[in-house]
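Got a structure for you, written out below as structure tokens; questions coming shortly.
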């Protein structure tokens, strides 16, 4: 793209830049500043000190990270074979059907999606009914409002993203490569380990980033399936901001959330670069 | 006076990095001129600068006496035919061709008439309703031409329009293009990397290399009397040998090559002791059994059938592998035979060796 | 060969896991029991009737609707010029613009919601409606830009140059040549931004207040107090609508483009 006549086309960017600058960037900066300086004048970064010292916020934070890791790990384990299965389907229409089935959950309302788990994990829900009727247990087990419930809910929420990431990475691998490996004597397993998998790592990294950051920032699922018993960063944030009106803590939590996702993003990308060597 | 003049034009994509350097070109009214060269030589850049898609950093572009440097591309009334035709996918043939006329606000009935006429001219009568996706490559190309010429542009620019067509179609289209241009009399600048195409279509050809014009001449002159080594190689001369000038005559010079001497035609001023490269066309070599005048010793390595002639690859010690084309009737030598390669001094050109 | 069977089993499990809940909601919405249960007991359309007549659902549905439409239109209005400039030009600061336009995707939505709450509502600069619109527009803008950008990149630049050489001004080129060819992209961008805005929780969460709320928020509040199949019925309706829209989008441009 060389110098063209008239540079004034760059002015077309102005409305959007102004819009995002004023209505997005500025408020965010003010949140950051609020969190650093606090409202009581205890000194800068005092809020962060409190954040890590306070049992509740610390637990919520660590829990979010912990559950995030579990969700990411589990989703990889289930999604990878699934993506492989989809990639190996030769029938075009069938493949499209499965891909649509994967995309569909992403388009539906998260409230609706999470709601279903209430029906499954509730005291009189599907799972309990089944276990009771087969006499595995004597009394209904409390499954809701546990970390497990949140885990399952988040897993269902984000698995499609992981499947899609890996799928698209797999689709980009030329079919001839595995044939070439076979012709050189590699078994199916060896081909997978030495050819297919390394080439799909990119998709894992993209998917992993999305799932991990998504799990940490999700609100609906932890709110509905975890309630106040299983406080995560996002539910704590809402509590502090809208219920307790502890503005200092709220802004600090918000900044911590953002910093953590930023760290995860960069971290994963570095892993990707190193792995490529 | 020239109709299109490029005066010391320099064009670049980055500051002070010029792709086209100090180029001067004069094209007469109604003339068909080609810019010929390898990819990266700046021919397309020159064309786009004339069209106004690129700004000229230095120099002037003058058309019909008027300086065009600061005129935006949509006001230049210059027709442009793209390599990939660039037909509007959402419009049918009629609407594609009528586009420029609509912008110029011609009344509907006039547009209809003009579009019909030009479609007939390019041989696409009856194709009005079709969409570009329903046309073959050759048909799309004709629509592109029709669209460009229907507005009666002052200048017609073509950027490798035939390179996406298959070989047979290309040759047919060449004749068509020539016919159309002659009938319309539009001044045309044509860009290509195919020397056969440029030489067969044009009144004059500018051979370009690295942003500069090496030679601007008629096809015959370029073919027979290339002025630089680059041009010679481009029009089919093959590197022959290297040597040192030992005698300078009126028309011919004598060059020492190894332990023999050869006579050749010098295209530039030669001085004694100058290092030169000799080039000749594969067709102009003769294969002899024994040493004759102006010949080198060699061994036949391959014999390849090419239909009308045989291609011999001859290994010449201390020189390399040379290609020689001999008509089938005379090609009696076989592989591994030791032979002598002879070339007539008139057909052997000498150029100074560039360091 | 066991490898093949293994992956297909995983595929089945994944599908069950992902789609199962939808089937459960679907079935449970017809149940006659007062409490959400699966398998459903009996069959009734009572819950559906209830949710489409309840004022709070109707009002919040309308709010979500106009919000989604306006935010999408605004995002397109702002996003199309940006997509065009980013796709066709190179200029100093381009990287900055690219980052700024993807910022709303990088920043967690809860953080954005909080920020908007602080600035506009607490400081009383804008009304709740306006702030909601601003928030939703900002969130969906990056999607609009991305989809339209890729649509424009699929259109060879030479087509625009051809129009210019024939005498069209840049504006004319955009309206008569570029727009008609990116219509599919614009429509899919609109659909995606609409769905994203409609389903949004984090932004709406902070910004909704007395008198004005979006459907997802109202659904969540309802769920805190009532455990009946109403939400299941509502969820079923929403899912069916989404399904229809996704199928339309499928037809338009295929699944891969949606990622």
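Just so it is clear, A, B and C label the chains in written order, and each chain counts residues from 1 on its own.
Heads up, the rule we're going with is that a contact is a pair of C-beta atoms (placed from the backbone, for glycine too) under 8 Å apart; a residue touches a chain by one contact, two chains touch by 3 or more.
As the structure is a prediction and not an experimental result, all values here were calculated from the model.
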Selected pair, greater C-beta contact count between A-C and B-C: A-C
Most remote chain, CA-based centroid, reference being subunit C: B
Subunit A and subunit B: spacing of chain centres that average the CA atoms, whole Å: 58
Subunit B-subunit C separation of Cα centroids, rounded to whole Å: 55
Where subunit A and subunit C are represented by their mean Cα positions, the distance between them in whole Å: 17
Interface hub residues of subunit A, defined as touching at least two other chains: 4, 6
Shared interface positions of subunit B, touching two or more other chains: 53, 73
For subunit C, residues that touch 2 or more chains besides their own: 170
Subunit A residues within the subunit C interface of the complex: 1, 4, 6-7, 9-10, 12-13, 15-17, 19-21, 23-28, 30-31, 34, 78-79, 81-82, 84-86, 88, 96, 98-105, 107-113, 115-120, 122, 124-126, 129, 155-156, 159-160, 163-165, 168, 171, 188-189, 192, 213, 216-217, 219-220, 223-224, 234, 237-238, 241-242, 247, 250-251, 254-255, 257-258, 261-262, 265
List of subunit C residues in touch with subunit B within their complex: 156, 158-159, 161-170, 172, 177, 180-181
Sites on subunit B touched by subunit C in the complex: 51, 53, 73-80, 82-84, 86-90, 99-100, 103-104, 144, 147-148, 151
Subunit A-touching residues of subunit C, taken from the complex the two chains share: 3-4, 6-8, 10-11, 13-15, 17-22, 24-25, 28, 35-39, 78-79, 81-82, 84-85, 88-91, 97, 100-101, 103-104, 106-112, 114-120, 134, 137-138, 141, 170, 195, 198-199, 201-202, 205-206, 216, 219-220, 223, 227, 231-232, 234-235, 238-239, 242-243, 245-247, 250, 254-256, 258-259
